[in-house]
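Down below is the structure, laid out as structure tokens.
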Amino acid sequence: MKKTVSIVGGSGYAGGEFLRLALGHPYLEVGQVTSRRYLGDPVSLIHPNLRGRTNLKFSDPAALEPCDVLVLSMPHGVAAKEFDKYKDKAPIILDLSADFRLKNLELYRKYYGEEHPRPDLLGQWVYGNPELHREALKSANYIACCGCNATAILLGLYPLLREGVLAPKPIFATVIISTSAAGAEPSLASHHPERAGSIRAYKPTGHRHTAEVLENLPGKPELYLTAVATDRVRGILMTAQTFLQDGWSERDVWQAYRTVYGSEPFIRMVKVRKGIHRYPDPNVVEGTNYCDIGFELEEDTGRLVVISAIDNLVKGTAGHALQSLNIRMGWEETAGLEFTGLHP
Amino acid sequence: MKKTVSIVGGSGYAGGEFLRLALGHPYLEVGQVTSRRYLGDPVSLIHPNLRGRTNLKFSDPAALEPCDVLVLSMPHGVAAKEFDKYKDKAPIILDLSADFRLKNLELYRKYYGEEHPRPDLLGQWVYGNPELHREALKSANYIACCGCNATAILLGLYPLLREGVLAPKPIFATVIISTSAAGAEPSLASHHPERAGSIRAYKPTGHRHTAEVLENLPGKPELYLTAVATDRVRGILMTAQTFLQDGWSERDVWQAYRTVYGSEPFIRMVKVRKGIHRYPDPNVVEGTNYCDIGFELEEDTGRLVVISAIDNLVKGTAGHALQSLNIRMGWEETAGLEFTGLHP
Amino acid sequence: MKKTVSIVGGSGYAGGEFLRLALGHPYLEVGQVTSRRYLGDPVSLIHPNLRGRTNLKFSDPAALEPCDVLVLSMPHGVAAKEFDKYKDKAPIILDLSADFRLKNLELYRKYYGEEHPRPDLLGQWVYGNPELHREALKSANYIACCGCNATAILLGLYPLLREGVLAPKPIFATVIISTSAAGAEPSLASHHPERAGSIRAYKPTGHRHTAEVLENLPGKPELYLTAVATDRVRGILMTAQTFLQDGWSERDVWQAYRTVYGSEPFIRMVKVRKGIHRYPDPNVVEGTNYCDIGFELEEDTGRLVVISAIDNLVKGTAGHALQSLNIRMGWEETAGLEFTGLHP
Amino acid sequence: MKKTVSIVGGSGYAGGEFLRLALGHPYLEVGQVTSRRYLGDPVSLIHPNLRGRTNLKFSDPAALEPCDVLVLSMPHGVAAKEFDKYKDKAPIILDLSADFRLKNLELYRKYYGEEHPRPDLLGQWVYGNPELHREALKSANYIACCGCNATAILLGLYPLLREGVLAPKPIFATVIISTSAAGAEPSLASHHPERAGSIRAYKPTGHRHTAEVLENLPGKPELYLTAVATDRVRGILMTAQTFLQDGWSERDVWQAYRTVYGSEPFIRMVKVRKGIHRYPDPNVVEGTNYCDIGFELEEDTGRLVVISAIDNLVKGTAGHALQSLNIRMGWEETAGLEFTGLHP
């Protein structure tokens, strides 16, 4: 029997993406999708890709009915502040915001510039990154889904740190992000004539996702993050520059990835020596739940450049949320996430 | 039990797209995918979206084995000239080229500038447009898949001509096409620095798809076609300008579409009066088998502007080929074609 | 001695473009640039291309001082309604809006859906299209600059109609426009994730520029206009489909253009039979005051497809305004308009 | 009296860009532009922006006549190998390739993987970076123009190293480059459907421009370079991550730039605290000779992120070549380089 999932905040990009995936999922049926602004409008008015796929209309969050799974997709801070409104609506709750991702209150304070509004709740949430926390997710009722940039960084670096491949030196990560990351609300910064063609230093320093990366990487590395935005609509390309342990080689790097990701259904190691697709590229994973990972070693210096690519709205948000839910429910982990992407 | 499909010419965009769809189809399994140039290479070397989905390697077309369904995806003229090589390989053959689309040899001569190499074969082929020829497709063993621009034009205009809504005046169709339409072979015209940002009059007159449109539209309309290319990778936006019968109204236009397309699974009429998605847009149907159709009537002149949008590689090529095959095999018509597209 | 030009409404795209051109003009110096919203901010805050070129700050339109030339660049209707405020500020006034373009009040009513607020003023204005109205511009004190789409259509068709090359049949014009045409104000329609990649039927019927085209084309042709928007930031590609007089040929078309445009400094006839740049392309004229024009004749039907390309903000707005001003002042017509565009 | 400049290799992007600039230069006239492949064709066949600006045709490099200034724009290695052919054609020679940029033969060997073919010539060349080598350029007869990525890196970092602002720690530079950087020759990698939308790790390690950066930065810093390519046609965005000296502040960084670049005509420091243009962006400098530079300091770690943006074909190639020539000839340094860029 299908389980009912409802989405609070379904007119945004993250909520809309979860809705798209849920509509194609074999064991889910969508209950309500809320939006105050578009109350009563068909969801396809905002998400035109869903024309002909559903007759759902946006409903009032105040009229939310009980369901099996509740997905919260609200602006920063709202889920935490309004959690008591939602906690009895469903036994399993996924939050797509950053509100419940951190355990470390000091990191929260530093990167979010405020006190956490509900520190009492944090202990109940599991960080929703399937590759790092699969076991904990199997019984998690509250899942705080991993941030998009954090996903690209964590998946690229985790095996190297866990397996001890890296020298104890700083890691410099650069994420090249896209315009959907800033959400569905128009602004001068997102106005097409201003944004098209632009390559913007978005957060040279101080990016908030740094906090969850630091909390989840083993070995407490010294990690620096710079975020630059191109005008792709979706996608993240992460490059991380750091150094290999002295005496270690390319083989050891492959070995670390193989050890940790051997059977991961959504990690693809890119190890191609000919053709034009030798490194991960967000173009290739658009619309999919894949994270493609590759690297290059500079022999004479030991510098390692790790490269990962994801779709920020799928593997970076709604896709890994659904993957986490599949794990929680005991369904095939790939259910509803089969889309393989387009070429060209 | 699954049926085996093999693809001759699988390194190009049309063949690659059929391969992608076939890999996700519930009743198909892929036998061979041929490519002379990439013989022995994994198909994912060329189609990186298929990494992790298949271990298939390109095989030699000369070593093609018997299969249940054969898809030919070769350059213009080759399928006709080499048909005898392939005809015994499978009981059902789909050709994605223009070689077998026309019955009218004079139209072929006019638009292709040469004599048809195998006029004797033409009678055996059914034109692969599911909406126009579903009945014939149910028993077709040879399916000549409809051209991409022809699909956008035919689907936009067919109901209006069949139902007699249009005045007996010329129809001016403009197709705005994309760069994948020119195929996978690099050239100066497709060199990124030259092509990016460009809006090119591609075929102001004399476009070859005119022939199949004329052959398949009822009532022998006077139809003119201009093709302009933007730098989208996929997609066609068709606008057709013509005139309504005197005294007929917007209601009659809707009625014609409803009558003809009432239960079509891949036609979506776009009739939205608010929001930003009021007309068909190739962006919305990218990767899908949908054809979105809308129109606007200029009240004081009776001018009707019909607008349709498709993905040239899916609904314009590999998708309607698969839809035709589903019809032929008696499978659900939407099998393997469920992807609903992305927003944003 | 230099003449002072001030710009009312300098934070928008049209005003900003006139500002850019004026800063590089040998005989102009910029007095004031007004903006209520950005009062006191450097103009380079909004127009970052002007960093290091000028220290001008936006000033209050209420504090406008007398100048030699005043350029009005305000939202629709404002110039007409507030004209009395501005008329004594300068002996020569250019308006970039549509307010004073039409003489025919009925056309205004039909296309703008309201009565003209100041019909008494219309007689004093000259339509600012240098190629059509050069003589009148030489003594014009009030110049109503031609609309961008109107420029592309008029320049493409005017010689053919004046020289009688076209059959008395309808003309179907399609303009493919860009996102800067909608102005500098953000909206959901212009939000980058929604707009990027989109090809939108913008005005299938009823486009307002139809009025000024009809008023300025000789011979009162039956002309229909459809506007489609791609996601280029600048540029217009116009295609017009119509028919040649019986018995006339390609030579006659070239002859008409030569006769009318023989020595025009900003018209370039594109007559190339090899290479990849055989037709006008907005990419090629970006940033320039050129209008590139070409055509193709369909021999067997007599259909003529005329193609023109301009930059909507230069030749379509600020550039031809400056060209008109150069004519009015007796300066070289190309002064300040020498930029030749980029390749690639 | 004007000086004659001829260009060897004028059908490529660098040579074509120098041609465009030279045609608009007050003291230059263009003699010959050579191309073996397009011999006899108008230069506007390849560079359509030059339609109507020049009637020059491509000439045979073997028929090169003496001129005042010769610009060599040939594939890697050719200028060095064929230098004896050209050295007597003009008293002043500029080379746009990398052939004569390095003095250090070991760096050449390491980064170019071969012995330099003409080490005897290297001593005669001045590295053509006006901001670093203006004095030497005043009397240089042989100018080896700075590489595009090297320009972005050198201009961003040079003042900080010269003024001792940086801690003695590694510098990690990432250049986000564009598709024109790979030149005018089509390939599968540059085929539009493959390239559009792509974000490619182009040279994660081992980029050749590293050599000239190392040779020209003071203090022999430990510098690492990663190059990533987006699908912009022109432009480079450089970000460099490193650390400030302990106890030094943002003021010191500004002071270093002011000291070194105080009166530079083409350096613009971007120090804006409001609006949407707070950091350098290649979009803003497209077509111009500007290098925009900004930075952000992470207070708690001392990490400094330096950001610079240039147009790779102007400030990165042909523009700084012309700027160098202006210096050499004693002309105004900005002559022919006045274009200020477009917004939007």
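To keep things simple, chains are lettered A, B, C and D as they appear, and every chain counts its residues starting from 1.
To be clear about the criterion, a residue touches a chain if its C-beta (ideal position, glycine included) is under 8 Å from a C-beta of that chain, and two chains touch if they have at least 3 such contacts.
Labels paired with UniProt names: A, B, C, D = [LysW]-L-2-aminoadipate 6-phosphate reductase.
Quantities reported herein were computed from a predicted structural model and do not represent experimental measurements.
Between A-C and B-C, more C-beta contact pairs are found at B-C. Note: the chain lying farthest from subunit D is B, by mean C-alpha position. Separating the CA-averaged centres of subunit B and subunit C is a span of 38 Å. Distance between chain centres (mean CA atoms), subunit A to subunit C: 46 Å. Shown for subunit C are the residues that touch two or more other chains, namely 13, 180, 184, 188, 193, 196-197, 233, 275, 281, 286, 344. Interface of subunit C with subunit A (complex): residues 13, 179-180, 184-188, 190-193, 195-197, 231, 233.
Of all residues in subunit D, only 13, 16, 20, 23-24, 41, 45-53, 180, 184, 233-234, 268, 270, 272, 274-275, 277, 281, 284, 286-288, 290, 292, 338-344 touch subunit C in the complex they form.
Subunit D contributes residues 172, 174, 176, 188-189, 193-194, 196-201, 204-206, 224, 226, 228, 230, 232, 235, 237, 239, 241, 275-276, 278-283, 286, 294-298, 301, 303, 305, 307, 309, 344 to its touches with subunit A in the complex.
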